[in-house]
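A, B, C and D are the chain letters, set down in written order, and residue numbers restart from 1 in every chain.
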Amino acid sequence: MVVGRDPLELLITSSGKDKSALGRDDFVRVDAAGRVVDGGPGRTSSAETLLHCAIAELVPSVGAVLHTHSVWGTLLSGADLGRGSVRIEGYEMLKGLEGVRTHETSVEVPVFANTQDMTALAAQIRERFAGLDWSASRPPVHGFLLARHGLYTWGRDLAEARRHVEIHEFLFECVARSRMLPGPRA
Amino acid sequence: MVVGRDPLELLITSSGKDKSALGRDDFVRVDAAGRVVDGGPGRTSSAETLLHCAIAELVPSVGAVLHTHSVWGTLLSGADLGRGSVRIEGYEMLKGLEGVRTHETSVEVPVFANTQDMTALAAQIRERFAGLDWSASRPPVHGFLLARHGLYTWGRDLAEARRHVEIHEFLFECVARSRMLPGPRA
Amino acid sequence: MVVGRDPLELLITSSGKDKSALGRDDFVRVDAAGRVVDGGPGRTSSAETLLHCAIAELVPSVGAVLHTHSVWGTLLSGADLGRGSVRIEGYEMLKGLEGVRTHETSVEVPVFANTQDMTALAAQIRERFAGLDWSASRPPVHGFLLARHGLYTWGRDLAEARRHVEIHEFLFECVARSRMLPGPRA
Amino acid sequence: MVVGRDPLELLITSSGKDKSALGRDDFVRVDAAGRVVDGGPGRTSSAETLLHCAIAELVPSVGAVLHTHSVWGTLLSGADLGRGSVRIEGYEMLKGLEGVRTHETSVEVPVFANTQDMTALAAQIRERFAGLDWSASRPPVHGFLLARHGLYTWGRDLAEARRHVEIHEFLFECVARSRMLPGPRA
């Protein structure tokens, strides 16, 4: 969650927590460089903090960033890394993405190669996002995938970010399964 | 839900609500033309109101109309749009559809191309439904699909409409998966 | 549930009930011929009562009979109807079937063609079951499938019948999915 | 659970219990040879006790051992028995295994042929594990599969063992499904 804008501050999960049992003390505040600003000794933020910071800086009006590890996201991102993105086209559910008004559209979800070097990855994301036009009523992207890793998506608030998770994950499953589905038998 | 018949009135979900957290105030009443009749300022009905109205008008004794977005419905409707319908044949579960008394039957679930033009789509549905015989003990159709979008189904009351959702969705999964299943190894 | 043995009486779901919301009054008692013995006017037993009666008569020590409609049971029974049975071989989970002591075995789950003629179907089951040896410590069958319909299974009590549902359904999914799974990439 | 180290004692599920309804009295204590040490008459430990004992003896610092029967573990272990192991490579989720620090790695999950001879199987496991280097910061294996049977995994405590179940099962599903997924359509 973005909890401050000037200067930028995020509230983010502490490192190594069981995500199914998070409590009040399992979050830390970090600054734009990903440094913990409210930590006592030993409190560290999630390894992927820098990606959250990059998104919060680059995407206008972002209020929350979510990261998921799903089976279909993991598979599709691996299969489509060579293309550089997963194409999602013609689905009504695309309208669940902020600013999308019709199913007659194509969304390309960027896929980045996975790496443990968060600084390099954040730089790649900054570079790719800086080249996009964020001023239109429809944002150029609503999320991205790390190959064989998972999804990052966001929204103006937590509810929108959660909706974007649900939309992306539903569509990943549709895209993947549709590749395996034969047409009707004659 | 059909809440009045003369004149026709429906109670329908307001636009843009989280369907997993609907409360008393998240529904509006609309007339046969889809106009909100109980709304204060800013209350609008679901974008697909006209389809609900068309169904409520055309299908005798309908008391409730439901619309779902499932993975299998999305996939099958995309795969079978060219045929114009999804054929479901020989399954016992077909007997869950009102008026169906034996598995030895074939049901064709119409598939319409998806569109954002609800007026045009409602007209298409009216045309197709007007040509059907609704006087027999077995209704000619119990639902239809919008391609890569989802299912509309209905019933005399909410319980029957829910049962029709469950039956259609189960059968969509069976039809889709059976296309992928090889026979027993010799 | 078998509630009497001499004469045979079963407690069975009433016809047309929502199986997810059964209460005390949603069951009726029937005799060996499937006639309701405790019903007021209008109380009728499930359409498939005769199959439950046939099983209760033919299978020694049966205390409960369960019937399920699952996706995998529906698919496999359709795919393997021509063979006359679904073969399940070499799975540890087979040991969940009463009397099975090792995975090094093969179980053939009979598949009967589906029909709405319960008298004829019950006769077929009687004929097939009467030819089996029920005196051994391992029962010859623990369940059967109706093609594109579902599973019948049973046990000495409800807990065992439920375990047999769980075991069969798990194994149906394994058998079906294993037909679709390629081996490891070299 | 390892409840004593000198001499080794494990707390283990009693034989034949419904795993979804375990209570305080459904566990027994066993010694290193798998003999029940706190049992009254008729209390016996799970058939696979010897495997738990072998793991507890051979794997340094193990505090808990878990055994699961999942569809994907059952399928993959059957498909890859010929190779002798399931290879899992390049997934971020591998970092959920203790000591794994990067996705750029390959994990081989050993697959043993299933058998009802627990003494022979425990000996095989001892032999294979004794040849591994357990002194490095990354353990050589975190679990193994019995073909068409299921997973054994462990951890320093129950939470880590549960995490290893979750990680293995997620990755089994990814590996199996990725074999069935075609790439993007051109």
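Odds and ends about this structure:
By our rule, a contact is a pair of C-beta atoms (placed from the backbone, for glycine too) under 8 Å apart; a residue touches a chain by one contact, two chains touch by 3 or more.
Since we're looking at a predicted model, the values are computed, not measured.
Contact with both chain A and chain D is made by no chain of the assembly. Chains that touch both chain C and chain D: there are none.
Farthest from chain A in terms of Cα centroid separation is C. Chain A and chain C, compared by their mean Cα positions, are separated by 47 Å. If you average the CA atoms of chain A and of chain B, the two centres end up 33 Å from each other. In chain D, the positions touching at least two other chains are 180.
Contact between chains, per the stated criterion, is found for A-B, A-D, B-C, C-D. By the touch criterion stated above, chain D contacts chain A in their complex at residues 90-93, 101-104, 159, 163, 170, 173-174, 177-178, 180-185. Chain A meets chain D in the complex at residues 18, 69, 71, 74-76, 78-80, 82-83, 86-87, 114, 116, 146, 148-150, 176, 179-180.
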